[in-house]
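Here the structure comes first, spelled out in structure tokens, and everything after it is commentary.
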Amino acid sequence: ADKAKVFFLLPNETTIRFESRDAPFFVAAMKEKAPDVEVVVANAQGDPSKQQSQVEDAIAQGAKVILLTSADANLAAGELAAAAKANVPVVLYDHDAVGGKAAAHVVFDSLAVGQEQGKRAAELIKAMSKTPVKVARVKGNQGEYGTKQYEAGQDQFLKPLIDSGKIQVVCEQYTQNWDPTIAQSFAEDCLTKNGGDVDVFIGMNDGTTGGSVAALISQGFKPGDKLVTGGQDATVEALRYVAQGWQDNSVLKDLKVQANYAADVVASIVAGKGVPKDLINGKVNNTFMDVPAVFLPVSNITKDNLGDVVKAGVWTWAEICKGIETTDICKKNL
Amino acid sequence: MTAQADEPSARDGPATNSSVPLISLRNIQKSFGSVHALRGASVDVHAGEIVALVGDNGAGKSTLVKVMAGVHAADSGEYEIEGRPAIVRTPSDATKHGIATVYQDLALCNNLDAVQNLFLGRELTGSRLFGGRIRRAECEVRAREVMSRMRLSNLSLSRPVGAMSGGQRQNIAIARSVLWKPKVVILDEPTAALSHSAAQQVADLIRSLADDGLGVVVVSHDIHHFVVNSTDRIEVMRLGANAASFRSKDVTGEMVVNAMVGGNEGVNLAG
Amino acid sequence: MVSIPASAAPKRRTFGELLGSDLRALPVVIGLVVLWIFFVVQSDVFLTPRNLSNLLLQSTVVGIMALGLMFVLLVREIDLSIAAIHGVTAVVSAKLIVEYGVSPLLALPLSVILGAAVGSVSARWVNWIGVPSFVVTLGLGLALNGIQLLLLPATARFGLMGTGVELIAQTTIDGIYAWLAWAIGIAFLALLILSSVRRRRRVGLEVSVIHSVVLPLVVSALIGAVAVVVLNANQGIPLPVLIFAVLLGLGGYVLNETQFGLYLYAIGNNAEAARRAGIKVPRIRTAAFAIAGGVAAIAGIIASSRTLGVGVFSGGGVGGGTLLLESIAAAVIGGVSLFGGRGAIHAALLGALVIGTVQNGLNLMGVKNEVRLIVTGLLLVLAVSIDKIIEKLTGQQAY
Amino acid sequence: MTAQADEPSARDGPATNSSVPLISLRNIQKSFGSVHALRGASVDVHAGEIVALVGDNGAGKSTLVKVMAGVHAADSGEYEIEGRPAIVRTPSDATKHGIATVYQDLALCNNLDAVQNLFLGRELTGSRLFGGRIRRAECEVRAREVMSRMRLSNLSLSRPVGAMSGGQRQNIAIARSVLWKPKVVILDEPTAALSHSAAQQVADLIRSLADDGLGVVVVSHDIHHFVVNSTDRIEVMRLGANAASFRSKDVTGEMVVNAMVGGNEGVNLAG
Amino acid sequence: MVSIPASAAPKRRTFGELLGSDLRALPVVIGLVVLWIFFVVQSDVFLTPRNLSNLLLQSTVVGIMALGLMFVLLVREIDLSIAAIHGVTAVVSAKLIVEYGVSPLLALPLSVILGAAVGSVSARWVNWIGVPSFVVTLGLGLALNGIQLLLLPATARFGLMGTGVELIAQTTIDGIYAWLAWAIGIAFLALLILSSVRRRRRVGLEVSVIHSVVLPLVVSALIGAVAVVVLNANQGIPLPVLIFAVLLGLGGYVLNETQFGLYLYAIGNNAEAARRAGIKVPRIRTAAFAIAGGVAAIAGIIASSRTLGVGVFSGGGVGGGTLLLESIAAAVIGGVSLFGGRGAIHAALLGALVIGTVQNGLNLMGVKNEVRLIVTGLLLVLAVSIDKIIEKLTGQQAY
């Protein structure tokens, strides 16, 4: 217990990326950048009060820095206050944390993700001859900070089309806990409600779009019959759907990049050098203060640039093409 | 076929008896789904009198007892208390009118101890200010008095009654009904699980209650001893209605049994 | 007479009595019908064959879970690990199929056996130490959640597209085949009824042909026929729905006709009396938990076939989430008592339909999420209240 | 103070009697926590013999019955069946050895109907192939036979027994024990809730069982009638042990009652 | 003698008997101690005052919820809406404070009253229609979740920093004041014990001074002193912990000493017998649900003060989430029966501590998430199994 300890607190295990990708990436990056720092990972399992306990326990163990991905941005102020009281710097990772002191925020801008999703959807819809285009919006978990940002970003592009009558939103619903099964039932019922006459499903992450795809498959549609757009996270499953033509796109957030930047910030603080100024390229207002931010770029993956994912080292072609070896893209790249 | 003991005859009976019955039920009807358990049953109880309620299994005795005690609300019929129509549709109504009951199934709370069961629903409590704190010590002393009056002083008062023997449980249920000063005590087969001597003690207890001016109703199958020797009046029920009525001192067990099974239909031996 | 002579067939029975036996399901059905009327008024697509097919399909997973859970609830126990079993068995079979190339024909039955085995582990612990099943299955469920996470690959998901598992959700039996399935079902029922009637006759007991033969057969045939017509008007009978129907039939047979079924009710009402009657209570309890586990695994297969993959979400996520709560709720709404010994097989179907109807109907109405939650809550309570009010008015009593 | 009826004397008694008792318990000890319910109780039951088990409330009769029936495992003591040591630690052990029991608390399942309760644990079933389908029709016919033998044919067989009267429930519990052909029948206060005539029928039934060569143990508080008139041998229990043993034809009720309450300590009237 | 004469004070009691009365809590405590030993071996910070303070603080919210729920469980009902009540009342009071500028001194008590009112609504429905409380409170909970969403502003959050509410979590009572609190608690206990001893003496019942006066006082004083020493070594007694302690004291008084408490046990064991004894069963039931609701609101206040704000996840999110499950689990782990009539006040404390210990300990060990779930599950089962094994070995019996 002589090593300096850094705690990486994850929000939940339903968004699997944190557990299965971010955490190992960060641990690896830290090993490189600050070899004698011990990284402890804990997961709040979606429960903000559990996360509060984890912050307190981290402080009790003499944490040097807490890298925090809040379970609920809105209920993180108590965690930040506890850390501030104990003089433990908190670096926010990905999720916001509203209402308290934080040293820095390493993030793919949620608003930018929504904007990417909205822009792509708007382009595709504008290109459709039909008016109005009937759209189903399968949104994320209501009341979450991220959900609000994605929605705002999407709306920047969709609102004008809705107002002009090009888009008719026929169904719209939040998805409790981002549960794909709920998204699927919702998409099925939306198809039923409109007698199958729904043109576009706009999701917010690959879970919600995946639910829409499963609904289409279960109702006997073929790839390309309907447009499914608005993915996020570039999960391997979503990329397969993209390759097969079930889904149009998924916003890629290169987690390795994010983990690396976070490790830079954390290592610098542990070494007593504070937040590295050169990395800061913006700020996030969390109602308590303007948190210095490290904004990371996002990109939208479609059939055309599927290879970017492989180039970035997120997935290999073999992983993406497993089970769909016969699609054109896979034949070409395997 | 139904024969009522008209009131004068009953009044002639035992000593301490007023002209108005303490409780009087007339023409009570009660069905459970398709089972017509009571079809016009009646019963009067006078002060100082022990009324035996007898009848074959399933005749409706317990159902009538439960109607008297407010456990079941009658489908129809009159319920009078001291000559005035009364509404007794819940057990607390009955309690308010001074009716205490020992049920055939005892109705004890198995997780509570003897003292708690004895006082259940009428604990001695301290000031409301302290949330009605139970005066356990006083309860225990009173419980001991009653238990020793029933010669049960060696029964543990602090074990859950669920762990007691059948007779011990029955004794507690009986003790319970006489703990406070009710006007009417109704006992549904109180001695069924009791040993000979304990049953004798209960018979004595019942007599002393009547001597104190209470009205007592006892359901019993022990016709030949208890019913003919230790009660004042006998109401025979058959198929949910009154079949006959006797003064206890005028009959033999055989006559009662005959009336129960219908051997002497229509013969009214009362008065 | 006070008690009805056993030999005299009662000619007229009160409505209450009928409710007590043959029409036990009626009150919940009425609750359901009220819900349906509400939604028909609200949405003109509610009653379309397409939507009704959807509704039925969406109710299957929860319905099957509830069906298995019923066996445990009947013996006055609870199993909070069924959702986790559902998830972990689905992941195991997907792993076998995707990673090790095992044939689904082998992997799927294996996962059902695994589910049953896990269920019986809880039961053994309950039997042996006497820890309340609530705690044992809560702990076991968490442990299984952890195992599920361990089993998943870094991609957090096994896709099942193209493995053959997806066929379960996608297969439909339509046209003449649907009618064939219907006919087979009715034939089995007829066989069952006739065999008992024959037996009653043989030993000299009277039977009312109308009441014990014609009525149940006609009612079942009619309900079945309506379902088939509706489903055929869409795509036919989805295989999951057929599986649910078969499980319901099997479950009904076990609960109503067999010794094992009777013992479940006996133990739930009075375990000590059952023990004194020489019933091996621990063994029956173990079987009940094993059934719940196995059936949860079947539900897991269907769910993973419907969502075309398994992941963290399979089995409702950590703690069982909505899936667990809805499975318990479906059973209770259908009339199964949490205090044991009470509930009939239709509970699983009707309870799941009530929950499914509310969700499907609200999706069609397109109400806002907040309102949706409020209405869901109120409708659930309403549906069950109707049931209870009818029971009360007809003077039913439960033992 | 404890006096055993040594076997020869019992053997001299009733007609159909073999030299080896059907079941024999010796020196049984049983405690519940701090309550020492049985302290060295013993009992023998021979074929064709009716043994009455009597004693005050809480004397340990029901506990001894439960040990015989395998409901409680004894803390110590011997249990022999037909002369051979036997292990009877669960109710199914007892069933296997042909011991049927009517418990004081009846042990019925209130949610099941009469037929289901009568056959519980030994249903007539069809082939294993069909999961042990219950042959309800056969069960019902056999149930009716037994019920009419007990003159109870007007008891509904398809209502949950929880809704029945005390006596009706007791009758079902008794019918249950004689439905199959056991070797020993143990009845714990079987007539407590029964009407006079029903109790008489049960007494006749018990006698006919003994005449068929079964061993019968009856716990009863009805010393003066049932015990002295309708049994062959009387075992008196006091404070968890045997206090005296009598041949029924040799005693009066008073003598038994005296032995129960300890009035005649040490006097052995048996043989 | 077969039955112990009531008048002879038994000189030597078996260990099993002691467990049955005064030491009822011991088996669960032993389970807890085993857990502690496990974690002390695993982590050297576990036993530090700072960590123990943390652990206590982290257990308060669940502990308080479990304490309220106990009242409902005792009467053989369940309340699935407590988590939603916790959430919605917290949001209401935050809204009043932040949006309407109402003083916390008014808003907070109001939210507790609101919680009690909501609880009594479920009870009325249960009493009136006879719908199982499981369904009523499930539906009500969902509806409340919806209302909570409706009440939240577009930002989905009310921050409570600077409103005064945050002081509840941040206030600690330390040094001499902590000892003062301890002394007041012990004084109350002494008063209570002495008043019953005096009364017993007055009516002529014998009392063992050692056994009924010295022992309980010394044990309580010691436990309290250890707690105060530990907490003082850190920052003192956090106000939430003090509130929990006061609620435990009040709850214990109500359950053990008052008529109302006794009626809860009576109804839970045999509601019909209680009714026949003239107890107004519906009224008691309503009170039990109201208490659970009010206490849940208190827990909601503490939780929102700890997290410095309220949002969608206040109250565990839709369906109650972990908060609901852990509250029920804490009560059951502490020994409250789901089947009514059984459980003592220490259940809430010990159950919450078992759950809190497992989580805190695993946090300190820093095990991987998957493993953590597995270990959590196994440790929960283990802790309760130890309890049951001890009960079994000492021949305890439950009624």
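Going in written order, the chains are labelled A, B, C, D and E, and every chain counts its residues from 1.
Assume a residue touches a chain if its C-beta (ideal position, glycine included) is under 8 Å from a C-beta of that chain, and two chains touch if they have at least 3 such contacts.
Model, not experiment: these values are computed from the prediction.
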| item | value |
| --- | --- |
| Path length in steps (a step moves to a chain that is touched) from subunit A to subunit D | 2 |
| Chain whose mean Cα position lies farthest from subunit C | B |
| Cα-centroid distance, subunit A relative to subunit B, in whole angstrom | 74 |
| Chain centre separation in whole Å, for subunit E relative to subunit B (CA means) | 43 |
| Intercentroid distance (Cα basis), subunit C paired with subunit B, Å | 48 |
| Interface hub residues of subunit A, defined as touching at least two other chains | 13, 19, 45-46, 142, 176-177 |
| Sequence positions of subunit C contacting 2 or more other chains | 1, 3-4, 149, 318-319, 321-322, 369-370, 372, 397 |
| Junction residues of subunit D, two or more chains touched | 32, 35, 58, 155, 163, 168 |
| Residue numbers on subunit A that touch subunit C, as the complex places them | 13-14, 16-17, 19-21, 45-46, 142, 171-174, 176-177, 179-182, 184-186, 188-190, 192-193, 195, 207, 210-211, 213-214, 217-218, 220, 235-237, 240, 315, 319, 322-324 |
| In the complex with subunit C, residue positions of subunit D that touch it | 69, 71, 90-92, 94-95, 101, 103, 107-112, 116, 120-123, 125, 130-138, 140-141, 144, 147, 153-158, 160, 162-163, 168 |
| Partner subunit D, residues of subunit C touching it in the complex | 1, 3-7, 196, 199-200, 202-205, 253-254, 257-260, 262, 265-266, 268-270, 272-280, 341-342, 397-399 |
| Sites on subunit B touched by subunit D in the complex | 32, 35, 55-58, 62, 104-105, 155, 159, 163-168, 171, 189, 192-199, 221, 223-225, 253, 257, 260-261 |
| Residues of subunit E touching subunit A in the complex | 44-45, 48, 50-51, 54, 57-58, 61, 149, 152, 154-157, 159-161, 166, 169-170, 303, 305-314, 316-319, 321-323, 356, 359-360, 363-364, 366, 368-369, 372 |
